[in-house]
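These notes open a run of structures that come right after.
You will see two complexes here that share chain A, one where it goes with chain B and one where it goes with chain C.
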Partner chain A sequence: MSASLTGGRTSAVESSRTWPLIDRIMLAFCWIAGITACVIAFAIVAFMAYKGLEFLRPNLFVERPNATFDQSKSGGFLDPLIGTILLTTMGTLVAIPASVAVAIWLTEYGRPFGLARAVESAVEIIAGTPSIVLAIFGLIIFQQEVFGFLSFRAEGGSVFGRSFFTAALMMSLIALPLIVGATREGLQAIPSHVREASYALGKSKWATIQRVLLPSVRPAIGTGTVLGMGRIAGDTAIVVVLLGASLQIQGYGDIPGLDILRGNGGTLTSYTYVNSPAGEGAAPDKAYAAAFVLLMISIGLNLFVSRLARSGKSASAAATR
Partner chain B sequence: MSLPGDQTTYSGPPPPVRRIVVSEEPTIVEPPRLDPSAPAAAVTGAPLTRRSDSLPASAIVERMRTENLRLYYGDNEAVKGVSLPVCRGEVLALIGPSGCGKTTLLRSLNRLTELTATARREGQIFLDNEDVDRIEVTQLRRRVSMVFQQPNPFPMSIFDNVAYALREGANRKPRKSALMEPVRQALDRAGLLAEVESNLDHPALRLSGGQQQRLCIARSLAAQPEVLLLDEPCSALDPKSTETIEQLIVKLRSEVAVVIVTHNLQQARRIADKVGFMYLGDLVEFGDGEQLFSNPREARTADYVAGSFG
Partner chain C sequence: MVLALCAGMVIFVLAKAWPSFASNGIGWFGAGEPDTQLGDIFKSPSAPSEYVYEIGVWPLLWGTILTTGVAVFLGLFFSLFTAIFIVEFAPPRLERLLEPVVRLLAAVPSVVYGLIGILVLVPFVANNLISDERKESVGYVTQLTGASWSVAALVLTVMIVPIMITIIVDALRSVPKGWIEGAAALGVNRWRIMWTISVRTVRPAIIAAVILAAARALGEAIMISMISGSLSFVPQPVDGLTFFFEPVRTLASSIVDNAEGLSVIPFGQTIYAFAFLLLVSSAVLSWAGWAAKIPMRKYGIRP
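Then we have the complex of A and B:
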């Protein structure tokens, strides 16, 4: 009986052979576009792996860079690596509390309506501003007298405005829209009866936010944060304008630790740029190696995000069951 | 639509739906033939017996009262002048079609309606003869607690879910050791202790739906409320969990005044001592459960109640 039944059915796999020509061309285009994207992504990773691994040596990670045309003496990228880690950490530390606060205000308060719309637009504008514009803006701001403590004074007494502090503050703006967006989505996914259940136990709004809502959106905050870290680690413009993009980290002042934060430096992005044929071209081999390390960092962060998102999804699915 | 080869394996008439052939006449499926003389309960299979007898009149004490309560969402009047007593020792069930104001009425009893920006209230609500508007709102909600339709444990351990209700505000104190006894008591009152005793530190969200709902009841009972509001607490649960929770509600009524909103008329009949039938914002009829179901005074009540019995 089953054989006679399946014989009567049309094939489960739909064939495009009967389609009009234009539809078939469109279909072919979709296939080509998808495959091309894969090929490009694979080509980037493969090329950078080939070029990078060829020149990547363990000593590159521990030697400080030197400005010389002699490749054997130009050192490694210890300082830029530390710069990337330091700048990403500082930028994220500033961005998380600010972004979570903005997201909570928007979702849980958001009154008056006009102000909420204005805050939303502001976050969108920040998200849409090119980082070079943020950098120039930051430079103007941080060269003001009041912000002198964030950097140092150049010869002649004017505020220099370029330091890890000032660069990190502007970098936090790069991460902010991503963390705000992820946190808001997380908060909006919590059903209102969960909040009401907390209020019905005699809890204030603030207690509810602290003990119920924030723990629920922790995976979302994590996702936004890691995305933001990727953006900070990959940004060049702010490093060039606000950090000095120097090869070595140069501290200013006498207080250990603080001198570095008030001083100049570079990151893997600026190191790659400066050493590549596009910059001064002093050490293209090392630029490839640094670029490969940078690529690995951002791919790693992205993989981490998708894992976080998956665990967050299963957690919120359990919460809304 | 004859199918060759069918006769060898299947001798009855062909099953009605195989595939849709647009040009052919549709096959009409006969509805199952029911014996009109059979009692309705035989069809649904649900016993329409009460879970327990009423408590003696001496055990019944009025705790809450609404007087000419009116609730509006914008210009829309959702509850139209309802006066209702809520007593300890009785389960009060609010029944009625969707959108008739039952849940709005329930939510107004602990001022949860105030969270809705467009909602407005007129008339008075008393808790032990004190106007609820004069009671600080977090204090009121500790005394008049609520359980929701969807089980909604918080993303923390089983222990912390109950302890959260016992601690002040967002505090993490008193410490766990000091709260172990009241937490266990609350879980015991909700009939959950035996099942979770050995894993109080496990995440509450890993419990089954029925266990989660009983945890929510335990959480609501932890702060020793005087009134417990239940908004369709069993509608997301399986029959077995529903039965457990119904028995729990009946047991709790001697200590706490219980108000339950339900769409399940058989449930109302099984557990309610008093029933209020609401229709389009009006409290149409209020009375003893058995009387309201078997001998309703109002025609609208009779129509609605009859609908449930087939």
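Then we have the complex of A and C:
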């Protein structure tokens, strides 16, 4: 923007030496704030890298965790790692179709108008709802008798409501607003003459959406999805309330594969939480190592988003929402 | 479908939470000792007619208001200056660095912030900032372990700043170029242009940023439950410096801390009541954040 002020930038940018003192103090504040932001970010990454690499051992990735006070026997975080991957995949798989459908309906149909408005603000509200409240809501819903098949029954015969299924369904709600936002932005960026050209060739509206619009918003959907994955992988509250936050994955039932999904487990976030001084097992070094892996996952997803956004040049605005 | 989900959320949580509200009346919001009262509720007899519901959540509310308010207040100044810096004053190379930095700060999972807080900041505060005399002076009411609302508020500030920066930067970038160039042609310096024209134009967006950040801060559970000491203590501003080192507990973090006992019916209902309060306040806040941006449309700006 400064370039546009000084024209072709033949001279250096206006010097602040002639400004009144108060303006120069405020300018100094700006510099301090900007640099502080950089310093905080680098301090976090550097500190976590230092501590994480200090305690990270290859065997942590392949050993199952045990609840014991003897730290040499408490194992690694194989189960939480699997839990994170499982939960993220399931959550995104549920979220993508639902949110793409919502986005397409909102931008391409959007009638009746009042309903579209209401859905729009409902998505906003879901985006603003704290994940802990989503977790509580999920617990209330999935403890109903009807949803008994998704989890297992406690001793008293009541539905327990905590399983990978229920946690993933609630996690998909976290990703939903992000994917809806990114997809809508992508759809709105498509010029209307593209749609009209498709209609002129005799395609129906549905065929236009399917053959013309969806392929071109694929990068936007990808961006939203990766952002949502980062959010899911980093969430703790839902794991603690809806997954049980146990150390090992505890299957339930007889059908292999399905038993795990109906059972309890934990993720890297809950592993970090449980192993920190706030949880039961005070094992800060394990917590550091798990948190480092977690941080790497979220940074990696973020880098992926910026590369996607650079190639798809859209939806970077939704990055921090 | 989304709509039904939203309505279902409010209705279900309210239905589950109603007994707690109903039996306490307006006193639900009043003073009390949630820690011991929650314990009593947890141990209440199993016959439905003898359930114990008595609770006053003012300490939890005060903790929530205190941490959220301070974090948003600090974050507003910090993010306003950073946003101005990114848009106007940063050298291009620094600007290219700052954008990923902001995105990174937003992407760090809250449990990592909590871990850094509890393993680094809290011991630092306990060892270096709180003297032994100060610990003894309040020893008969609470222990000062370093886990305190001010540390939680500081970390919370770092967590909500990226949201505010993104919203303000987007808004500042959408200020019409002609207005800025007009001011520059009149000989106004760059700082005054930013402060008197751009920042004033985007005031609605700044309000929206504050509201959305507050909604985010309200719901932060894990990090605060790790750092703030998680005791339902009411810090008194009259305590002087000690005030800053006193522990609190927020609504959201008390849900996380008590997630184990949800199957005890009256206990669960009390926790659901916390969740309902959070749900309503965050829904109101996110609606208000959306509504706050409306005035900007009359300038023809769509941030």
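The criterion applied here is as follows: the second predicted complex is superposed on the first by the 300 of 321 C-alpha atoms of A that agree within 3 Å, B and C clash if a C-alpha of one lies under 4 Å from a C-alpha of the other, contacts with A are read in each partner's own complex, and residues count from 1 in each chain.
To be clear about the criterion, contacts are C-beta pairs under 8 Å (C-beta built on N, C-alpha and C of every residue); 3 or more make two chains touch, one makes a residue touch a chain.
Worth saying up front: this structure is predicted, and the values here are computed from it rather than measured.
Novice: Where does A:45 make contact in the superposed view: on chain B (first), on chain C (second), on both, or on neither?
Specialist: Only chain C; A:45 stays clear of chain B.
Novice: Can A:29 be said to touch chain B (first), chain C (second), both, or neither?
Specialist: It touches chain C, and chain B stays clear.
Novice: Mind working out whether A:193 is in touch with chain B, chain C, both or neither, as first, second, both or neither?
Specialist: First partner only, chain B.
Novice: If you tally the residues of chain A touched by each partner, is the higher count for chain B or for chain C?
Specialist: So, of the two partners, C touches more residues of chain A.
Novice: Which holds for A:276: it touches chain B only (first), chain C only (second), both, or neither?
Specialist: second
Novice: Does chain B (first) or chain C (second) touch A:236, or do both, or does neither?
Specialist: Second partner only, chain C.
Novice: Once the shared chain is lined up, is A:89 touching chain B (first), chain C (second), both, or neither of them?
Specialist: neither
Novice: Would you tell me the residues on chain A in contact with chain B in one complex that are also in contact with chain C in the other?
Specialist: Looking at chain A, the two contact sets intersect at 1, 4-5, 319-321.
Novice: Chain A touches which residues of chain B in the complex?
Specialist: Touching chain A: residues 3-6, 9-10, 18-19, 110, 112, 115, 138-142, 145-146, 148-152, 154-156, 164-165, 169-170, 205-206, 209, 216, 219-220, 223, 229 of chain B.
Novice: Could you pull out which chain A residues touch chain C in their complex?
Specialist: Chain A residues touching chain C: 1-2, 4-5, 14, 16, 18-19, 23-24, 26-27, 29-34, 36-38, 40-42, 44-45, 47-48, 98, 102, 115, 118-119, 121-133, 136-137, 139-141, 154, 158, 173, 176, 230, 233-237, 240-241, 269, 272-273, 276-278, 284, 287-288, 291, 294-295, 298-299, 301-302, 306, 317, 319-321.
Novice: Touching residues of chain A toward chain B in the complex: what are they?
Specialist: 1, 3-5, 8-9, 191, 193-194, 196-204, 206-207, 210-212, 215-216, 315, 318-321
Novice: Using the touch definition up top, name the residues of chain C that touch chain A in the complex.
Specialist: Per the touch definition, chain C meets chain A at residues 1-3, 5-6, 8-9, 12-13, 16, 77-79, 81-82, 84-90, 94, 97-98, 100-112, 114-116, 118-120, 158, 161-163, 165-166, 170, 173, 177, 180-181, 184, 189-192, 195, 212, 215-216, 218-222, 225-226, 230, 252, 255-256, 259, 262-263, 271-272, 275, 278-279, 282-283, 285-287, 289-290.
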